[in-house]
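In order of appearance the chains are A, B, C, D, E, F, G and H, and numbering begins at 1 in each one.
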Amino acid sequence: MDLKKLLAEFQTGKISLDAILEQFKNLPFENLEFAHVDHHRQMRQGFPEVIYCEGKTDEQIEKIMSAIMKKESTILATRAHQKLFDKLHKKIPRLRYNKPGRVIYQEPNIKHPEFDDKILILCAGTSDIPVAEEAYQTAYTLGFKPKKIYDVGVAGIHRLLHYREDLDNALIIIVVAGMEGALASVVGGLTPTPLIGVPTSIGYGASFGGVAALLAMLNSCAGGVTVVNIDNGFGAAFAAVKYLKKTIAR
Amino acid sequence: MDLKKLLAEFQTGKISLDAILEQFKNLPFENLEFAHVDHHRQMRQGFPEVIYCEGKTDEQIEKIMSAIMKKESTILATRAHQKLFDKLHKKIPRLRYNKPGRVIYQEPNIKHPEFDDKILILCAGTSDIPVAEEAYQTAYTLGFKPKKIYDVGVAGIHRLLHYREDLDNALIIIVVAGMEGALASVVGGLTPTPLIGVPTSIGYGASFGGVAALLAMLNSCAGGVTVVNIDNGFGAAFAAVKYLKKTIAR
Amino acid sequence: MDLKKLLAEFQTGKISLDAILEQFKNLPFENLEFAHVDHHRQMRQGFPEVIYCEGKTDEQIEKIMSAIMKKESTILATRAHQKLFDKLHKKIPRLRYNKPGRVIYQEPNIKHPEFDDKILILCAGTSDIPVAEEAYQTAYTLGFKPKKIYDVGVAGIHRLLHYREDLDNALIIIVVAGMEGALASVVGGLTPTPLIGVPTSIGYGASFGGVAALLAMLNSCAGGVTVVNIDNGFGAAFAAVKYLKKTIAR
Amino acid sequence: MDLKKLLAEFQTGKISLDAILEQFKNLPFENLEFAHVDHHRQMRQGFPEVIYCEGKTDEQIEKIMSAIMKKESTILATRAHQKLFDKLHKKIPRLRYNKPGRVIYQEPNIKHPEFDDKILILCAGTSDIPVAEEAYQTAYTLGFKPKKIYDVGVAGIHRLLHYREDLDNALIIIVVAGMEGALASVVGGLTPTPLIGVPTSIGYGASFGGVAALLAMLNSCAGGVTVVNIDNGFGAAFAAVKYLKKTIAR
Amino acid sequence: MDLKKLLAEFQTGKISLDAILEQFKNLPFENLEFAHVDHHRQMRQGFPEVIYCEGKTDEQIEKIMSAIMKKESTILATRAHQKLFDKLHKKIPRLRYNKPGRVIYQEPNIKHPEFDDKILILCAGTSDIPVAEEAYQTAYTLGFKPKKIYDVGVAGIHRLLHYREDLDNALIIIVVAGMEGALASVVGGLTPTPLIGVPTSIGYGASFGGVAALLAMLNSCAGGVTVVNIDNGFGAAFAAVKYLKKTIAR
Amino acid sequence: MDLKKLLAEFQTGKISLDAILEQFKNLPFENLEFAHVDHHRQMRQGFPEVIYCEGKTDEQIEKIMSAIMKKESTILATRAHQKLFDKLHKKIPRLRYNKPGRVIYQEPNIKHPEFDDKILILCAGTSDIPVAEEAYQTAYTLGFKPKKIYDVGVAGIHRLLHYREDLDNALIIIVVAGMEGALASVVGGLTPTPLIGVPTSIGYGASFGGVAALLAMLNSCAGGVTVVNIDNGFGAAFAAVKYLKKTIAR
Amino acid sequence: MDLKKLLAEFQTGKISLDAILEQFKNLPFENLEFAHVDHHRQMRQGFPEVIYCEGKTDEQIEKIMSAIMKKESTILATRAHQKLFDKLHKKIPRLRYNKPGRVIYQEPNIKHPEFDDKILILCAGTSDIPVAEEAYQTAYTLGFKPKKIYDVGVAGIHRLLHYREDLDNALIIIVVAGMEGALASVVGGLTPTPLIGVPTSIGYGASFGGVAALLAMLNSCAGGVTVVNIDNGFGAAFAAVKYLKKTIAR
Amino acid sequence: MDLKKLLAEFQTGKISLDAILEQFKNLPFENLEFAHVDHHRQMRQGFPEVIYCEGKTDEQIEKIMSAIMKKESTILATRAHQKLFDKLHKKIPRLRYNKPGRVIYQEPNIKHPEFDDKILILCAGTSDIPVAEEAYQTAYTLGFKPKKIYDVGVAGIHRLLHYREDLDNALIIIVVAGMEGALASVVGGLTPTPLIGVPTSIGYGASFGGVAALLAMLNSCAGGVTVVNIDNGFGAAFAAVKYLKKTIAR
């Protein structure tokens, strides 16, 4: 916030007492009545605001997106239905849509090709792909293109062992798995690469909408597995990007 | 029940109407007031009654055991504390005790050496051993000596792969695992041998006393995994023995 | 994997170092991008890959099925809707459909008539039939034709007692029951035949989508009851077939 | 409350306006500061106040008991430990103790011998006896002596069928069962006698302290099974007595 | 089953050994392939079979109903949608429909007018009426016409106190309540009449589909409240009728 | 109820014994058969009856509303769909509709402008607005116009700190938040103003329909946070108004 | 924080740039290494820091208490065992102990006698008293002496109706109840006084440690009931005092 | 595994066919009968085996530790009681003990001082310290000394804001919090530094042993929060070290 500089200017009379008090109040968020768009976030967290579409009306999403686009270059909207995309796309042609992942995005301005394939996304079964794609598109849109290896669940463990080198080459692995979620433990035991587990709601009966996989990952016997919410591909990718950005910054 | 024979005797007047009605009533169980010892079970199920010790007083267990010993040659009492064994052992010197498994038993009369090692018991970690031993001792006491391979959890999957031949050689595998219970899925994917999973209460926090492992095994992506109650080593071994007895009978 | 033979060829110079390393990589699975079809499974587990249709697009299912059909003769797809079958049937006329069980299959090449009726499928009520039929069709398609006795729940226990001989004649029993799932315990107490319980989601209120029946079966007072996931008729039949195949192999 | 009589006396001036207002306030409960002993209950519900001992200090229980004994002839205290009984017994020698049921009581003044054995208490296993005895002693102390048949769980269903006549002869049956609680459904299907299920906390793992049995009884496929809280032998007997008292009153 | 008579006939040669064995097998149920209609139930339980319509196809329901109608005079089908009734009504004009309660029934042959109003059905709110009506129609169809008092929840307790005399006059009370289910406890404390609680799924959020009301009723501080499954109006009425039939039989 | 006056009139013979007994019975509620409209509530609680629309038919709601409107001037119906409003509005033009909050109301007769903005409603995200609006409209209709600050969740805490003065100026704060519900704890730590938390069902996966937020608020480390049911904006506002009315009355 | 004054002094040179920056950092909390005692809280929230003793060592509690006592006059430590009090009392003789409520406190400096009895604490049963006393002692120590009415549960509702005037006279009511927690709904329906429910862990079986009462209160059919965590007598009293302080401040 | 080198030696005849097959079997784990010590892990994961002491006997732990010490230089044993340490310390004097964290360790050989303070451990309250110390000691023993800031929960958010610079300077933050776990969301919103949440079992009632905090963290509205099991300080630190090791390796 550069408080010191502000106070120095105030001390030298460049700005008045009223003005400095006003400054303290004029925080960088924009009030849309139903939403406070957080332009400050880029500064504070290093990321722009992401739009989680569920529970918002199309009208609200459009207004929030417009507000963001005025000041920022990254657009990322998750859990977005095809119809919403079609509507927005007509007005904003540069928007793109990842259909299985249900993500609206725009091609990133800044890319980090030296980190291509350094995020590795594994998924256990074909049905887990939508969550894996949400993770993929999130990382991609934030400038970090992941590698994807899909359908390598533990019921046919040779499929996974085949890709063992990829596990070690990655800087961070995202494991997407439903049902019993065992893939996270097996991968965690095979490689020193840090790993984020994403339980999915794939399954039925006693999978309880992903709870079985969530508990499995939280109780992983492989050390150092961290976990995000059920179906939260976005969150896993976001965490992965945070790590890589810290690594770059160092 | 040999109903036909009974009716024939009745038809020929060997036994009276009252007598046959009485016969129907004199079912082979013995009323100890607090317990109906089920001598019929050997005939009906092919197994003697097993004593589950928790929730019973020492005095009750002793009386039930005496009633069983009068008519049957197999003694199996699970969840039995050392003190109970010490007390009973003084009176019945042929009793044996599996300490980690907390099982009181007597050396079986009938053994099936051709099935030695045909039940394979795996456990994921050292802490799961008590449950694995309950399974071992149950099968052993019923005449079927299992093979044991302990501490081969998925966090170091090469340990498991090392024993792959044993997986295929067994007729039935019992997988004992707590925490995230992933071992059942991995073994189930590696071998055509049928598999019974025993989730254990090993773990903490979101393992919820074994629920995480239970759910994982119920949701196993490997086909044909069946499951018993948390920590129920007895039940898994009992089911395994049932299968082998049917195989013998064929 | 015939590692020994491979190494011998390598030793004698028949294949080069690079070639043998390549061999180790060319594992028998086929990458469809969204799915790794596991042709190895037949060797490893003795069963072909089964398609679980929920969460997959029709297009994905069709591609997976085509890949399987090129190399294997067993087709089994569960949780398949009528529309999917109709679509596939036009292209692959030899496909069959079990409507109540929602299973797409093809008539098995290899049958084991000596095991006809050796798997016995019981269900408690009329509403449990879809799950029982999934079990039936799975076993049938894998070559083992089960016997079916439906609607013999414990509220009218004489119906069950009537079929007592069938219980003893089977090599393995599958008990399908919703609501309070008591049928598994009663059958388990009546016969020495091993038993797999399938809780169903039939019920309302405090049945919690099958949890009541699942817990009942896991806590069965009859020894040796093993359990699969709620509504998992496929899994129970698959486990039963695994047992019978081991018996045959012996 | 005899409001009419009170008003008539007031109308004729026998009692003053202040007096009648006072009357309305002097309701028949006694304030012990920490407890309002409800002397009115006998009138209102036809039963005296019962003392549930858990969570109360010995001193509080003694004071409440003294207050009750001044005005009523029935003493019933449940969940009472041996030590508490020993302490109270020294001061009040006519107190009795049911040790397995943990009930302090005094021999009832009024008995209904014509209803002897008309409440039938069944329990599934030896470990369920404490709850069954709480039920027994409650009914006995309120004047209705039940018949008891213990250890007739469904794993050996012939034991139960043996007593079928008793099921039909009872006016009301209390079924006490832990683990999977299937006994309630089987009995409910065998007899027209109304039935109250008492799930017990006997079991381990996925019995969740009695939840499995509770859910089973609530979902019973046998019509007309009603249920009380886990381990609530008192409540079941209390309900049974309420029914019999209504029957008498008719 | 009149076993004695059967045996006597057999003894006197009236029936052969084969015939008597056959008799034992010809139990009174009719196999519809998908359902065993239980004609024996009337004898065994004193009630005909009731059709629970959920999870059954219209075709199945119609066949079961036809089978029942051939031998019995009571028709009761619960959870039946309007369309099902319309379809059946065309073929069987004497069928009736309770729309809010979703019950198909026929006017009972046998009525017990001396028990009119002796079952009292209370419900807490207007939204609980469908469950209350299911209870009403069940009792009515079985010959016992209940009294109904609706919308007397505890938030306005004077409404309930107003009907206090009715509480005492009933032989049995059914309390139907959702949300926090407190009505059962309050009524249970006001009257000696036995009481069956029916929790309903009315509510939202932390009512968890009726679990809050279910737990409340199971934990009622008023002694002797028994409980049935969530929304199970049928079960409560069925239990109530069982009590009254026993009372009549005495 | 002015009991004293009534008794005095009775004493002086102004009213007869029968009449006074009748008076006691004629309590101020109106029986609509399916609903007891509680006209007494205004006297007893200081509030008219509020209509919770879910689970009621349109016809029932209309009748209840008509009954209320004859005697009271406040109309408040929550969880009301647009179609219901359209239907009612045609007949009763003075009705108003808060669309996001799904509340039908009429402009209040009595307002308390000195308490404008004294209830402060915060919500964490745009998706929580419907619940916040239900709270707003409830308070408004009861005469107390709240201040609203929306979309100030803790992920951008500077947005909240910006409004710190508003927190202190309010007499009571309503915090509406889904997901992890942390806003309640943060606000509770920032201000001495009492606070009611409303968890919302916004979220997915392990939010379990609002349970995560509910638990968070119940476990708030900030002292004195009280909580209402998930999505219960009405309840929070109703409680807030109760406090303000007591404050006025003092 | 008087930011304006600080800035003015800075502007006039009274304090230097470094000094003002330092000021911003010297926030009023004291770092005890393991705990940050929050002296600022009195200013921010109007309350001193309260010590929750569970999970803290005696040594930690003593240090925190010493730090607080240097700057503040209110001492309140909840969940404190007798031994802890005895130890502290020797060193700080002015400490007092509420034994049933397990609260260590010191007699308050500032009292508000005009609010005596304006907080009304009700509890349902004798076993709920410890939680009620925690609430009592919390409010007392913060200067507001509550009125207590104990053991007025709904099973004997006339006991509650007797105290109806007290309900209306209070400014705020705290209802402490375990088991089914119905007291909150009944009181909420009887009076316009705002009400905070405290569910207690009193109960067994399906009370799940207070969950039944918690859910009941959250689903209360009486409008405007707010709830705190299970057994959280402190929290309820703290909220009540917050309301009264706001009322005074007005 | 240096497969290539091995094969080359084999090709050149340096080792025989039998020998190479033997090599493939002699995997680097040591069988202690009850445990397979995994010496391979250091190679595979870059970390030695860690001993989780719960559920293991003292004798087992000692044997495992001895086996590890022969080949590796890092010793880390978590959940170790004081008595165990005292026993081991006598035999192995270089062992150290972190008492609040219950960790036995030895001073690390390899340290990374350039990463001192780059892991930042925050905890919400004094009671959370044991978990925070487990995290601290784990990271320390693996060569990465964290910075600790304790007792900065959100109820006094100025305490946290005071340390804002530390949040940004860290490479990774571990947030340890019980109760409502809100600290993770607030920190996650304040800084771009990646964050691992550790919910603790601190709390009571509806905290359900840490479930409330776990759910809160999983549902965090701040993007990119990942979570480990309840009380799993070890797991969080292990994940953090994995990230830093990857960063170093780059």
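To be clear about the criterion, a contact is a pair of C-beta atoms (placed from the backbone, for glycine too) under 8 Å apart; a residue touches a chain by one contact, two chains touch by 3 or more.
Given the structure is predicted, the values throughout are model-derived calculations rather than measurements.
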Fewest touching-chain hops separating chain A from chain D: 2
Pair of chains joined by more contacts [C-beta pairs], G-H or A-H: A-H
From the options A-C, E-G or A-G, the pair that copies F-H, where over half of the contact pairs coincide: E-G
Same-site or different-site touching of chain B by its copy chain H, using the half cut: different
Whole-Å gap between the CA centroids of chain B and chain E: 41
For chain A paired with chain B, centre-to-centre distance based on mean C-alpha positions, whole Å: 49
Chain B and chain D, separation of their C-alpha mean positions in angstrom: 38
Interface hub residues of chain H, defined as touching at least two other chains: 44, 125, 155-156, 189-190, 205-207, 211, 214, 218-219, 223, 229
Complete list of chain pairs which touch one another: A-B, A-C, A-F, A-G, A-H, B-C, B-D, B-E, B-H, C-D, C-E, C-H, D-E, D-F, D-G, E-F, E-G, F-G, F-H, G-H
Residues of chain F touching chain D in the complex: 3-4, 7-8, 10-11, 17, 20-21, 24
Complex contacts: residues of chain C adjacent to chain E: 125-127, 129, 150-152, 155-156, 158-159, 162, 202, 204-207
Sites on chain E touched by chain C in the complex: 25, 27, 29, 32-36, 38, 40-41, 44, 52, 54-56, 60, 64, 199, 201, 209-211, 214, 229-232
Touching residues on chain F, where the partner in the complex is chain H: 124-125, 153-157, 179-182, 185-186, 188-190, 203, 205-208, 211-213, 215-223
In the complex, chain A residues that touch chain H: 44-47, 50, 171-172, 189-196, 214, 218-219, 223-229, 234-236, 238-239, 241-243, 245-247, 250
